[in-house]
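Structures given as C-alpha cells follow.
Same chain, two partners: subunit A is paired with subunit B first, then with subunit C.
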Partner chain A sequence: MTDELFEGEVFEFYPASEEKPQEIVEMEAAEDTFEISAMPEVAIADMVPAEEPEENAEEGKKKKHISQRTKNRILNTIIHIVLAVMCVVWILPFIGIVFESFRCESTGVVGYILPKQWGFDNYVRLFKETNFPRWFGNTLMMGVVTAVVQTAFQLAVAYVLSRFRFKGRKFLMNLILVFGMFPGFLTLILLYTWMYDWHLTDANAPYGLIIIYVASSGMGYYIAKGFFDTISKSLDEAARVDGATRMQIFFKLILPLSKPIVIYTILMGFMGPWGDFVMASFMANNAADGYNVAAGLQWLIDTPAKKNMNYTTFCAGGVVVALPITVLFLLLQKYYVAGVTGGAVKG
Partner chain B sequence: MSKRETMELAIGGEMLPMRFLMKYSYQGEKYAAFTPACGADPSDEEGVALTHIVSAETKSKERTRQRLLFRLLTAVTCILCIIPVLCVLLTALVFVLQPDFWWVGMSGMIVAVADLIVLIPVARALARARKDRKEQKRRETAYEVLPGEGNGEVFSEFEIRYRIIEKLSKNEPLSMLEYQRLNIWRKFLYRSKMFFRGIPGWFGRKFKRLGLRLKAFGISIWENIKDIGATFKNGSWKTRVSYFFMGFGNLSHRQVLRGVLFFLFEVIFVGFMVLSGGHWLGKFGTLGTTRLEKVYDPVLDVWVDKHIDNSFKILLYGLLTIFFIAAFVYTWRLNVKQCRILDEITATGKRVKSSKEDIQSLADNEFHKTLLSLPVLGIVMFTVLPIVFMILVGFTSYDFENDGYNNLFTWCGLDNFNRVFAFGSKLSLAFGEILAWTLIWAVVATFSNYFLGMFVAMMINKKGIKIKKFWRTILVMTIAIPQFISLLYVSNLFADNGIVNATLMRWGWIDSPIRFWGNGTLAKVMVLVINIWVGIPYLMLITTGILMNIPADLYESAQIDGANAFQQFCKITMPYMLFVTGPYLLTSFVSNINNFNVIYLLTQGGPEHTAWGEVGGYIAGDTTILITWLFGITTGPEASYKMASVIGTLIFLVVSILSLVVFTIMPSTRREEDYA
Partner chain C sequence: MAEVVLENVKKIYGKNVVAVKDFNLTIKDKEFVVFVGPSGCGKSTTLRMIAGLEDISEGTVKIGGRIVNDLKPKDRDVSMVFQNYALYPNYTIFKNIAFPLTLMRIPVEVPVRDKEGNVTGVKIKTRKLTSEEIANKVSEAAEILGITEYLGRRPRELSGGQKQRVAIGRAMVKDAAVFLLDEPLSNLDAKLRAQMRSELIELRKRIDTTFIYVTHDQVEAMTLADRIVIMKDGVIQQVGTPTELFDMPANLFVGEFIGSPKMNTFHTRLERDEEGYFVELCGVKKRIGGERGEALAAKNIEPQDVVMGVRPEHITLSNHEDKEAIPCVIGVRELMGSSLHLHVKTATGEELIVCVPTAPFTLAQIAKLVSGTRIYLTFDSKSTHFFKEETKVNLLVEDAPVETSGETQQKQEELPHKKWHRIS
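Moving on to the complex of A and B:
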C-alpha cells in the first residue's frame, strides 16, 4: 500500500529527549541578565539561545539524558505491546470467521475457535444449496450501478454548490441539511408501497433498491464539495478567459484534478449495497431471490433453529463477501483516506 | 516569558498578531501589558484594556485580601480532605455492623464523592493562590526596585485576577486575554453563563429575523401579483394569450424549445388534474369516505373486492397533486415573466435568444441547471415527498388495522403526539427511557470513539514506533469488512454458548455463562464497548491526517516554554483538534443517534425491559434506541405506522435542536481566527 499521507515527517507528540524543563529554567534565568539595547530586532524564535548549557550543569544533564532515553524506550515498548494486543483484538473476529467457515464437524455456534475437522463443505453448501450466487449477483449489480450513478449525482451537486452562485442555492443547501436529519427509515413504508406499485419489490427488489439508493444520493455532496472548494477558483477563471465553457471546465479541468475524490465516491457507492441490510430485507419482503448478500446471509440465521443449521454457512458467505471488498479497499485505501480526512475537516 | 522578551515583542511587535502575544502571555507566569508608548498597537483594545495603574494603596489592600484568601482556602481544603475519610470510615462501619441501614452508608459514599468533586476546584484555587503569593513576593523584589524599566507596566497575577473577578461580579464581558486567565472550570462557567444570558437575545434576534423574512415574503408575493396584473394590462396580445396557453409568447418569438416545453407542461398538468389530480385532491380533506365492500360477481360467480377509497393512496397522491400544483404555479409565473421580458426586448429592437443558444447556455452559464435537474428531482421525489408524507401520517390514524385499504384511516390531529406525552402511560414511559438511553448512547459513543481513536493515532504516530504501516493497515482493513458480518459474528461470540463464555468456563473462571445479552446494564456496556471496536479505526484514520497538520512550531515553542507532554496535549492538540473536527463531531453525533446497525445487529434492541415489555407491537428492550424502536414499530406485527411517524418526527426535533445548540457554542463558529 502506498499512502503518501503517512510518509515523510511524522507528527511528534512527546518532546525530544534533549530539551528538558530544567534547561529552560536556566535559559530563562540567563536571559534576564541580557540588556535590551544589545538585542537586535529579530523574531522571537531566533532569540531563543540554542547554545550548549553551562559547564556545571553538564553532569546532571548526562544523568538525566540517560534516564530520559530509557524512559522513552520503556514507553515505546509499552506502546508496541499495546498496539500488538490491539491488532489481535481487532483481527481476531475476522480470523474467527474464517475458521468457522472451514469447520465441518457441526454447523451451529460452538464454544471453540479452531475447527476439529477442516473442509470446504460450507462453501459447497453455500453455492449449491442456498441462493447465494443470486444474492451475490444482485449485490454486484446494485453496487456497480449505484457507484456509477451516485458518483455522477454527487459530483454534479457538489460542483454546482461549490462553483455556482445562483438564486436558491442557500435554500437548496438548507433543504438538504434539514431533510438529512430525518431518520431514513421513516420513509421505508411509503417507498415500499411505491415500489410495489411499479413491481419493483420482492424478487425485483434490487432494481427498486437501486432507484432508492440513487435518487437521494445528491444529499451526500458534502465531502466532494469540500474537495472542490480547495481547488483554486483562479483556474476556472483562467479557463473562462481562454474561452472554455462551464461544461468543459467541469469535465476537462476539475474532474481530472479531483481523482481522489472521484475514486472515493465510486468506492463508497460500490460498498454501500454490500452492507445495507435494513432496506434490502424490507424491500425483498421474504422473497429470497430479491435479497442482497447482507439480507440473504442474515436471513440464513435469523431464527435459533436456522442459526444452528446455517451458522458456518453464514460465515463462509461472510468470507466470500468480505474478501473482494477488502482487497479493493486496501488497493484504494489512499483515496479513501483522502476523502475521509477532507470530509472531516470540511464538515 | 521573561520581561525582556515581552519588551521585544512589544518593540518589534507592531505587526505581530494578537494571537501571538496571547500565546506567550498566557503561558508565561509573568504578565505584561503594553502601553501605547511601548509600541503595541494603540488601537488594540486588549492591550489598552489591561493598561491600568494600580495605586500603592490598593496594592497593599489586595495583598491583605490575598493572604486572607490563601488562609481561607487552606482551611477549606483541609476540611474537605478530612470529610471523605470520615465518610468512608462511617460507611465501612455501617456496612459491617448495621447492614440494614445501608442507605446511611450509601449517602455517606455519595457525600464523599460529592466532597471529592468539590475538592478539585478548591485545591486548584489553592494551588493558584500559592503561586500568586510566591509570584507577588518575587515581583516585589525583582521589579518594583526597578520602576519604569522600559515603558511597560507590569501587573501581578493578583491584580489581573482581581480585575477579572470584578468584571465577573458585574457581569461584564471579559476580553479574550482575561478569558484565557480563567481556569477550565471558570471558563466553562463563564461560557455557559454567557450562553444562557445570550439565549433571550438570540431568540429575539431570530424572531425579528423571522418577522422580517415573513414580511419580505409577503411583499414579494404582493409584488408578483402586481407584476402579473401589470404585465397583463401593458403586455402585447401575445403575452395575454400566454396567460391561458403557456408558451405562446415564446413560440411567437421563435423560441420554439421553451414554448413547446411550457405548452407541454401545461397540457400534462391539465390532463393530470382532470384525470386524477382533482379526484385525489377532493378527498384529501377526509382521506376517503366509502369503505371496501365485497361485491358478488354473477358472471364469474365469486365475491370480489370493490374498493372505493384507499386512504393511503389518497394521502399520497393528494400530496403529490399539491406538489404538482405548486410546480405549475411556479412555471406559470415563469412563463408570464418571460413574456414580459420578451416584450421588453422586442420593444428595444434587440434579438431574442434562439433555441440553439438556449441549449448552448445550458452547457455554459446555465450549466448548473443541467447538473442539478436530475439529482434535485430525485431528492424531491424520494426524500422530500416521502418525509412530508410520513410526517403527515403522524397526524392520522394509520396503522396495521386501519391500513387504508381494508379499513380507512383519517385525520386525527395531535392524538398520537398526546399518546406519547401522556404522562404515566406505558408508551410515554418507554419513550422517555429510550430517549434518555439514545442520548447517553450517542454522547458516549461519539466521545469514546473520538478520544480513543485520537489516542491510538498518536500512539502509532509517535516517534520510535516501528512498522507504522502495518498497524494502520490492520486497523483500516476492519473498515472494509461489511458490518453485518463482523457484528453478527461478535454478537455470537458473546452469546450464552459462544466462544467467550465457553472458553471462560473451560478455564474454570466462571461456572455459569455470563449473560452478556441477557442483562440490561451489561448489554448496554457491551454495545458501547463493541462500538468502540467498530469506530476506532475510522477515527484513527481521520485524526492521523489532522494531527500531522498541526504546525510543528506550536509544539516547539511550547517545549521551550517548558510545557510537558500532557500540557501540550491539553493546550495545543486538543483545542486544535476540537476546532478542526467540530463539524465532524456534530455529524457523527447525529449519525450515532441514528446508528441502527450496531444496536440492531448486536442485540436487536436486546433484553426485554421489565417495566414496559411490549410497546406498539414491538418489544422495546434495554438497548433499544429511538431508531431501532422506530424500525421495530414499522415492521412489527401491529405495524403502528402513525406512532413510527411520531417517533421519527420527534427524533428529528431532538437532533435539530441539539445541532442548533452545539453549533452555537462550538469553538469553530466562535473563534475562527485563532487557528486561521
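Moving on to the complex of A and C:
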C-alpha cells in the first residue's frame, strides 16, 4: 500500500536454507551493479573545516598592530612600578621602627630615620628597667592557651557543621554569621563587669582575657568548615562501615588530612592576644602587671613626658614582639597558604 | 553469610517526600542481588539504609534474623564499597586494607579462676587482632585481588581500577555477612569496567557471601545478578532472575529498561478471531501464534488497546514474499562489529531500532544495508510483549506494579533538603 513512499534500493533477505529466487541470485552474482550510497564522501567533506583562511587573517593582524609581546612588556612594567611603590609604602614603618629601636643618641621622637649612634641600649633597657618581660610572659601564656583551646573548639564546630545534618543547623550557621558582624567591643562594659565580679581584671586580666578570647572561638569555623567540606563525605561513611567511631574518624582520618587548616587555626589563635589592645588595656585597667604587650608598650609612651623618655624603648619592644610571630610564619608559611586557599576553594 | 530481609521499608525526607516506598524483599543467604534503576529511583538510598548510613523512616531491616534499624553501621556486620573508592588518602594501601581490622575486636574465651587458681568457668571477652593476624589477612586479600605490589603505595599513586580493587579488598577482610557495593564500577572507563565485571564474578565465587549491588547499568545487572530488583521512583517494579526480566517484563518500564538498544514499542490493538490473536502493525496483519498466543488464550485476554514491545535483537530481516513482514526504510545505520543497529522508519512513520547480527551476511550484503535502503522486517510472535495501554502492565504477568508517572521525580528536584545540601 505504501510502496510509492520508498525510493532507493530494496534489500530482501532470504534465510540460507531457503531457496533464493533466481533474480536475487543473479543480483548477488553481479555485485558491482549495486551502488553504495555516496553519503560517506559528503560527510567527510562536511567534517573537514576550512582552516587556512583563519591563519592568513592572523598574520595580517600582526603586521598592523603592536606585537602582543611588546604590549605585555609595557603592561608588566607598569604593574611592577605600582607594586614597587606599594612595597615601599608598606615596609617603611617596619624599617622605621627597627631603625628607631637601635638609636642610642636620644630617646624621644626625632625627625630623621637613620640613627646617628647604633646600639642595643634600648633592648637592654626594655628588659631591665621596664615591666616588659612580665607583659611578654602574659601575652605568651594567653597566646598558647588561646591557640590550644580555640583550635579544639573551632575544629569541633567546623567538623560538626560540615558532617552532621540536624535541625537548626542552617539557622545556627546564619546566627553565627550575624553575631559575627557585631563588633566585639559592644560588650566591652558588660564583659568588664562580669570579669570584675569574678576577680579577673587588673593584675588577673590575662586569665579573664583568655576566657573572652576562647568564648567566641567557635564562631570562626568558616574556613575550617570549608576545608572539611572538600574532604569527601564517603570517606567518613566508609570509616563508619569499617567500624570507626566519629571520634576515631575525626582524629585518625580527618585531622591528618587537615594539617594546613589545623596549623592555620593554631596560628590565628596564637596571634590574637599579641595584637589586642582595646580589650586588653580595658580589662587590665591601671594594673601594669596585667597588661599584654600592646597595652604595656602603649603605657610606656602614654604621656608626652614618658614618650620623650621611652620612645626608642617602645620601638625596641615592637621589634621583640614581631620576632616570634615572624619566625612562626616563616616556618609554617607553606601550611598557612594551603590552609587559607584550601578552605576558600571547594575542590 | 546471612539473610537480609526488608519489610515495608520506607524513606521519607523532610515531611512528605518519599524516596523509597514500601520496600519488601527477602535476600537469601549467599545470593547476589542487584538493585537497578534510573538515577533517583531510591536504589542507593535503600542500600544506604541497609548499611546504616541513612535512617530508616519506616519498616524494618533484618540482617541474619536480627533487626538492625537502630544499630550503627559498624554493628550491622556489613562491609561496603563506594563509587568513588573512598580510600583513606593519608594511609598506605596496606593500612587502608588493614583499617577495619585494626578497629575490630574478636571474642575470646578467658578461663575464670577462683582464689586457688582453679578454673571454674569460661568468660567471653574481646581482644584486638594482633599485627601478625592483620598482616596475614591483608596479604591474603591483596593476593586474591592482585595488588600485592602496591601495598606500600598511597592511594593517589594508583589508577582507578587499582583503587577500586583496594576498596574491595578493604571490604573483603572484614568477612562481613553482607557485602554492599554502591555503583562500584561507575567511575571506571568502559574497558576497565568490563574487565572488573568479570573479575567481580570470579571474586564472588571466592568470597561466597551475600552481595547487594547497586548500579544504573543494566548490563552489570544482567551479567552479575542472581536476582535483579528493578526500581523506579522508590517502588520496586519487578524482582526476578535476569532471564525472567528479559523474557517476561512485568511492565513497560522494565521492558524498556532491560536490554540495549531499547525495546521497540507499537501502540496498537490486540484483536481476536476464530484463528487466534492478531495485531495490525503498519498496515500489516500479524498473527500472534505459538507459545505467546496460547498464553494469551489460556488467560482468555480480551481484545483491547495495547502497547506491543519487540526487542531489536528479535527482529529479523525478511523479504517481500513474507506476508507479515513490515516494509521499512533505513534511516541511520550503526555498525557495532558483531551486529548492525539499524534505525528504520515504517510507512506509518513509526521509528524502530533493529539489531541485526552481521554473521549471516556477506560483506556485500552489509554494504547494501545503508541509509535509504528499503528492507522487510519480521519477528517471531514468541518474542512479543503486550502491555495494557492504560496501565502499561504486562497482560501475562499477575500483580505487576502499575508503572508510576514521572511526578515524584519532579517533586524531588524541588526538595528543600536538596537545596540545603547545595548551600552547604
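One rule holds for everything that comes next: the second predicted complex is superposed on the first by the 252 of 347 C-alpha atoms of A that agree within 3 Å, B and C clash if a C-alpha of one lies under 4 Å from a C-alpha of the other, contacts with A are read in each partner's own complex, and residues count from 1 in each chain.
Methods note: a residue touches a chain if its C-beta (ideal position, glycine included) is under 8 Å from a C-beta of that chain, and two chains touch if they have at least 3 such contacts.
All values derive from a computational prediction rather than experimental measurement.
Visitor: Now for A:219: first (subunit B), second (subunit C), both, or neither, which partner does it touch?
Guide: first
Visitor: Counting only touches as set out at the top, which of subunit B and subunit C does A:170 meet: first, second, both, neither?
Guide: A:170: touches subunit C, not subunit B.
Visitor: Between subunit B and subunit C, whom does A:256 touch in the aligned arrangement: first, second, both, or neither?
Guide: second
Visitor: Kindly classify A:229 by the partners it touches after superposition: subunit B alone (first), subunit C alone (second), both, or neither?
Guide: So A:229 only meets subunit C here.
Visitor: Which partner, subunit B or subunit C, touches the larger number of subunit A residues?
Guide: Of subunit B and subunit C, B contacts more residues of subunit A.
Visitor: Under the stated touch criterion, which partner chain does A:243 make contact with: subunit B (first), subunit C (second), both, or neither?
Guide: Second partner only.
Visitor: Is A:80 in contact with subunit B, with subunit C, with both, or with neither (first, second, both, neither)?
Guide: In the superposition, A:80 contacts subunit B only.
Visitor: Pick one for A:300: touches subunit B only (first), subunit C only (second), both, or neither.
Guide: neither
Visitor: Contact-wise, after the overlay, does A:178 reach subunit B, subunit C, both or neither (first, second, both, neither)?
Guide: A:178 contacts subunit B only, not subunit C.
Visitor: Who does A:195 touch here: subunit B (first), subunit C (second), both, or neither?
Guide: neither
Visitor: If I apply the document's touch criterion, which positions on subunit A are contacted by subunit B in one structure and by subunit C in the other?
Guide: Correct list for subunit A: 1, 3, 5-6, 9-14, 16, 28, 31, 34, 36, 39, 245.
Visitor: Using the touch definition up top, name the residues of subunit A that touch subunit B in the complex.
Guide: Touch list, subunit A to subunit B: 1, 3, 5-6, 9-16, 19, 21, 24-25, 28, 31-32, 34, 36, 39, 41-45, 47-48, 72-73, 76, 79-80, 82-83, 86-87, 89-91, 93-94, 96-97, 100, 109-113, 153-154, 156-157, 159-160, 164, 166, 172, 175-176, 178-179, 181-191, 193-194, 211-212, 214-219, 245-247, 250, 271, 274-275, 277-278, 282, 293-294, 297-298, 301, 311, 314-315, 318, 321-322, 325-326, 328-330, 333, 336-337, 340-341, 343-347.
Visitor: Applying the document's contact rule, which stretches of subunit C touch subunit A when the two form their complex?
Guide: Subunit C residues touching subunit A: 51-53, 72-74, 78-80, 82-84, 86, 88-90, 99-100, 103-104, 167, 170, 174, 180, 283, 316-320, 327, 329, 347-348, 360, 362, 364-365, 367-376, 420, 423-424.
Visitor: Contact residues on subunit A for subunit C in the complex?
Guide: 1-3, 5-14, 16, 28, 31, 34, 36-37, 39, 162, 165, 170, 229, 232, 234-235, 237-245, 248, 253, 256-257
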